[in-house]
Amino acid sequence: MSLLLDIFTVVAVSLGAVFFLAGAVGLLRFPDTLTRLHALTKADNVGLGLIVLGLLPQTERPLAAVKLIVAWLLVQLASGTVSQLIARTARRTEPPA
Amino acid sequence: MTGATLFGLCAAVLVGLGLYGAIVHHLILRRIVAFNLLGAGAFLLFGVVARRGTGAGMGGDPVPQALVITGIVVAFSATALAVALLLRLHAVRAAEDADR
Amino acid sequence: MTPGAAVLPCAGDPAGALLVLAIVLPTAGFLLALSVGGGRAERVALLFLAGGFAVAIAIVAAIWRSGHALSYALGGWTPPLGIALRADGLSAVMAMTTALVVGAVALFGRQNFAAPAPGVEARVPLSFWTLLLAVTTALNLIWFAGDLFSLYVALELLTFTAVPLVCLDGRADTLEAALRYMLFALMGSVLYLLGTALLYSAYGTLDIALLSERVRPEPAVWTAAALMTAGLVAKTALFPLHLWLPPAHAGAPPAASALLSALVVKGSFFLLVRLWFDVLPGLPSRAPAELLAALGAAAVLMGSVLALRQARLKLLIAYSTVAQIGYLFLMFPLASGPAGGPVAAGALTGGMLQAVSHATAKAAMFMAAGVMAGALGHDRIAGLAGTARALPMSMFAFGLGGAALIGLPPSGGFLAKWLLLTASVQSGQWWWAAVMLTGGLFTCGYVFMVVGRAMGEKDASEPRIIAAPITGQAVALALAVISMLLGLAALAPLDLVLVGRPTLAVVACR
Amino acid sequence: MTFALAFDCGLAVLILAMAIWTIAARTTFPAVVGFVAYGLLLTLVWMRLAAPDVALTEAAIGGGLTGVLLLGATSRLRATEPPAVSERPSVPFRLAVAGLCTLLSAAIAAVVLLLPDPAPTLAPEAAAKLSLTGVGNAVTAVLLAYRALDTLLESAVLLLALVGVWSLAPDRFWGGAPRSLALRHRDGSLSLLGQVLPPIGIVLGVYIVWVGADAPGGKFQGATIIGAMWVLTMMAGLQTPPEISQAWVRVILVAGAAFFLAVGIAGFWLAGAFLAYPTGFAKSLIVAIEVALTLSVAATLGLLVAGPPARPVRT
Amino acid sequence: MTEFLLAVGAFVLATVALGLIRVLRGPADADRMMAPQLLGTGGIAALLLLGAATGMPGAIDVALTLTLLAAFASVAFVKGASEPAEPEPDEGGGG
């Protein structure tokens, strides 16, 4: 059982890391601010979600698991809001590419 | 080389960098930023000292850790006061220029 | 000192509780003044400062009577884990000076910083009275704290009170002076903090008494000593790091200038004395002491020359502070001779007496200059003619303060310089004596320049001099008289400053 | 071990890169961005140094509040910022300073490499006396028992900084409220964030204060989170900064330090020494002080970010 | 498992570093504003991995704090970067 959980962790965490890499590559390759922002938020949030998912079986107490999920939800909420704000700033301060 | 030593060397470089910025920058806001960088280097040095002082089942010496917490709060207060001074100076300057 | 023989202080020492009181009273006053606000801050401040004055007298009396240092372990936790407060002769003398000068500044400030109407709160009064209480907390903590990190907190407290005091009037040039001062002071504190980190890394304690037993000449200690000295020198405005001082001290309101020049710069100076004489006695300190004294000598000469060239009275007094700070540093090579030798004892006494004498004299001079500037509407030295006739009391206070700076007998400055001169001749370091005498001549020059101008007949074309309130003038005069009579301390047993040294660590519980 | 060291090396390189960027950036805004990144990375370092209490403080203050403060100043001064190259100090001066700073770094690095082994530590002593304080977190014991004076004075330092900031107000605004922190353009999603985040933040802040007695956490960390959440609601336009002359503002600001001081003075009679706790009551008193300080510190931090009064008193 | 989690943590940090290079260079401030965003997410991930690897108490609390404060800093960034400097409410030297 614990071996299965460990395998689950390894797979999910590795997948999350891949998403982080994808986000970074997107940041480097995409041509303008808005697409870069898109790459950043989507990839990183999925990446963090997978890592949180992967770490869930490793937690010892249920409270810790709840806090992990809350952390992920908060990041979702904040990054959604903030990227919207950033996008609007980008649109206002520079001509659309 | 342990992690603590590594971060100790890192702190040494941060202190030098921060001091350089704090002396050389001509914009006061940049000096305040550099001062914060320097302060963080000093705190990190305390942190390294704390990490090395393990004992009694603790991951580090709690005394320097507590000192750092005090220090961070004091550094924040200093930054707040310095920033307020700077903003006020600019406002008064702008008003004086407008009068002329 | 045999290992393990250090007797650690114990809590509950009844006289030691006075040290707690010296810190707690102004802090409580600060909190109360801030919370009641309104026009009541002034009354709160006067009440708590009066209490602080009584505590200072009690501390001096306790140390004088018992002949040994007081100590108090806070919360019953003994060092190295806890923090101890300690008061030796040096701290007692400085605490008394603080109580005296802060009290005088409070009385002097009443006319300028009264609430606009009963119960109405305004910016300047509330800031002034709360900051005055806070500065007392900070200074008393510097005199009494036995722990290097608590001293860091005290230094920061001092910065945070001194900086707003500089720019109370809110003009652009005082704001700029305050900002520059703040950057210097912050840099100084961080360098000091780095030094404490290094000392802790080497010895696992920040307690001054414990460190003094453990410190050995090794790289960590030398680096720490260099960092802390550099930081404290910047805060004390020793040449060549003095650039922030004249605009800051000259631009502040007179009561604040008096406080800053008399006491605030002495705080970091006192820490330097603590550092080299109490924390690092195990270090061969010849070379650093010579270096500090050389900078001091340069400060004496540069500061005096610059003071002579000022056109504004308050700037002249501020540059004179730069010079007088220089004298303080001449004490280092003279007092770091063989521990306990009579020459060293004389130099240490002379140096501390210089600090006290300068504190009272300079506070009196800044107050007198403030009164004159208020009455004239300016502080240009060229336009001082007629002031001596219009404001005889203030002019007399300025002249007496100046005489104390020059070192005319029986002033405290005279005794201080005499002790330092004797020490430099006896130890064969006559060149410091030459610097002192030259500096004295320059001091004569700038004091007489002002007094002579003020004695002159007023030009009829100049505007009339407005009468000045009597209280402020009387306070300035009283301080000047005290600085003039300090030399009579020679008649009393002089060894108060020597209580608790050189065997600082042996503090027995009673 | 090797992976851990790789992690540490990566972290150190990133931090140094951010520091260099912060110092070398041509204009202020990117420098401040670099500084915030630096603060976030330092949080990770503090975890690696087994100092979770400090990591919490750094996360809350170092990257968060300080960044916000510096950023606000940057945007307000942006119009006055001269082109990056103007009136730099001369090259010889910069070289001299660089030399001095290199020397300083080298000296500290040398001391770090020569540190005594085993390192002197107060950990055993702090652990041995821990039972006397009743708390389980040694850092909390240091802050509120062994070195309580520092903490008491630190809360005074915060208040003093606030008095200093206030004293910079124009006279006619004294007693009024600081300038509004709200974004000029109202934004629906920000209002949502301003409504959802603060309750969670306050719960977390209270939790961190509460567990601070026995686990990583404590009043400054919790108070900073609560203070930051207050600032967030002000930025979202849901609240405005209060007038500084109001009695309740003053009482909240002073309450924490005053309570701490009162407990300290009571120690004279009840426990035989200033700042000592009576046997058996140590932990409850420490928690009580922490709770009182939390509210005061949160309010102080929020008002420090808000700045001096800039609006006349409403009558 | 410890080694694996630490290695992934180091990897995530490396990707963050990669992104930071891009973001800090700008040219628009909006690009730079992504930096705390990027570090917030990446830093939290690294922190959680670190905490799980070393079993250090409090790691999740630190991560939660970081979440809240990173969001807070980002909002301030937007405010700072998007609004032109306002005229000061005050004229005159406080007298």
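For clarity, chains are labelled A, B, C, D and E in written order, and residue numbers in each chain start from 1.
Note that a residue touches a chain if its C-beta (ideal position, glycine included) is under 8 Å from a C-beta of that chain, and two chains touch if they have at least 3 such contacts.
Keep in mind it's a predicted model, so treat the numbers as computed, not measured.
*Asks:* Among all chains, whose Cα centre is located farthest from the one for subunit C?
*Replies:* A
*Asks:* When I count C-beta pairs in contact, which pair ends up with more: A-E or B-D?
*Replies:* B-D
*Asks:* Rounded to a whole Å, what is the gap between the Cα centroids of subunit B and subunit D?
*Replies:* Going by mean C-alpha positions, subunit B sits 11 Å from subunit D.
*Asks:* Can you compute the centre-to-centre distance for subunit A and subunit D, using the mean CA position of each chain? Integer Å is fine.
*Replies:* Averaging C-alpha atoms per chain gives centres 27 Å apart.
*Asks:* Of all the residues in subunit A, which ones touch at least 2 other chains?
*Replies:* 70, 74, 77-78, 81, 85, 88
*Asks:* Among the residues of subunit E, pick out those that touch two or more other chains and give their numbers.
*Replies:* Counting only residues that touch two or more other chains, subunit E contributes 16, 29, 33, 40, 56, 61, 64, 68, 70-71, 75, 78, 81-82, 90, 92-95.
*Asks:* Please output the residue numbers of subunit D that touch at least 2 other chains, ranges allowed.
*Replies:* 4, 48, 50, 53, 65, 72, 74, 76-77, 80, 104, 108, 115, 119-122, 126, 146-147, 150, 154, 157, 160-161, 164, 168-171, 190, 193, 197, 200
*Asks:* In their complex, what parts of subunit D are in touch with subunit C?
*Replies:* 104, 107-108, 110-111, 114-116, 119-122, 125-126, 129, 145-150, 152-154, 156-157, 159-161, 163-164, 166-171, 174-175, 245, 250-251, 253-254, 257-258, 261, 264-265, 267-268, 271-277
*Asks:* Applying the document's contact rule, which stretches of subunit D touch subunit E when the two form their complex?
*Replies:* 3-4, 6-7, 10-11, 13-14, 17-18, 21, 29-30, 33-34, 36-37, 40-41, 43-44, 47-48, 50, 52-53, 55-56, 59-60, 63-65, 67-68, 71-72, 74-80, 169-171, 173, 179, 181, 183-184, 190, 193, 197, 200-201, 204, 207-208, 211, 215-217, 221, 225, 228-229, 231-232, 235-236, 310-311
*Asks:* Any idea which subunit C residues touch subunit B in the complex?
*Replies:* Against subunit B, the touching part of subunit C is residues 81, 149, 152-153, 156, 159-160, 163-164, 167, 170-172, 175-176, 178-179, 182-183, 186-187, 190, 193-194, 197-198, 200-201, 204.
*Asks:* Per the contact definition, I'd like the list of subunit A residues that touch subunit E in the complex.
*Replies:* So the residues of subunit A touching subunit E come out as 6, 9-10, 13-14, 16-17, 20-21, 23-25, 27-28, 33, 36-37, 40-41, 44-45, 47-48, 51-52, 55, 58-59, 64, 67-68, 70-71, 74-75, 77-79, 81-83, 85-90, 92-94.
*Asks:* What part of subunit E is in contact with subunit A in the complex they form?
*Replies:* 1, 4-5, 8, 11-12, 15-16, 18-19, 22-23, 28-31, 33-34, 37-38, 40-42, 44-45, 48-49, 52, 60-61, 63-64, 67-68, 70-71, 74-75, 78, 81-82
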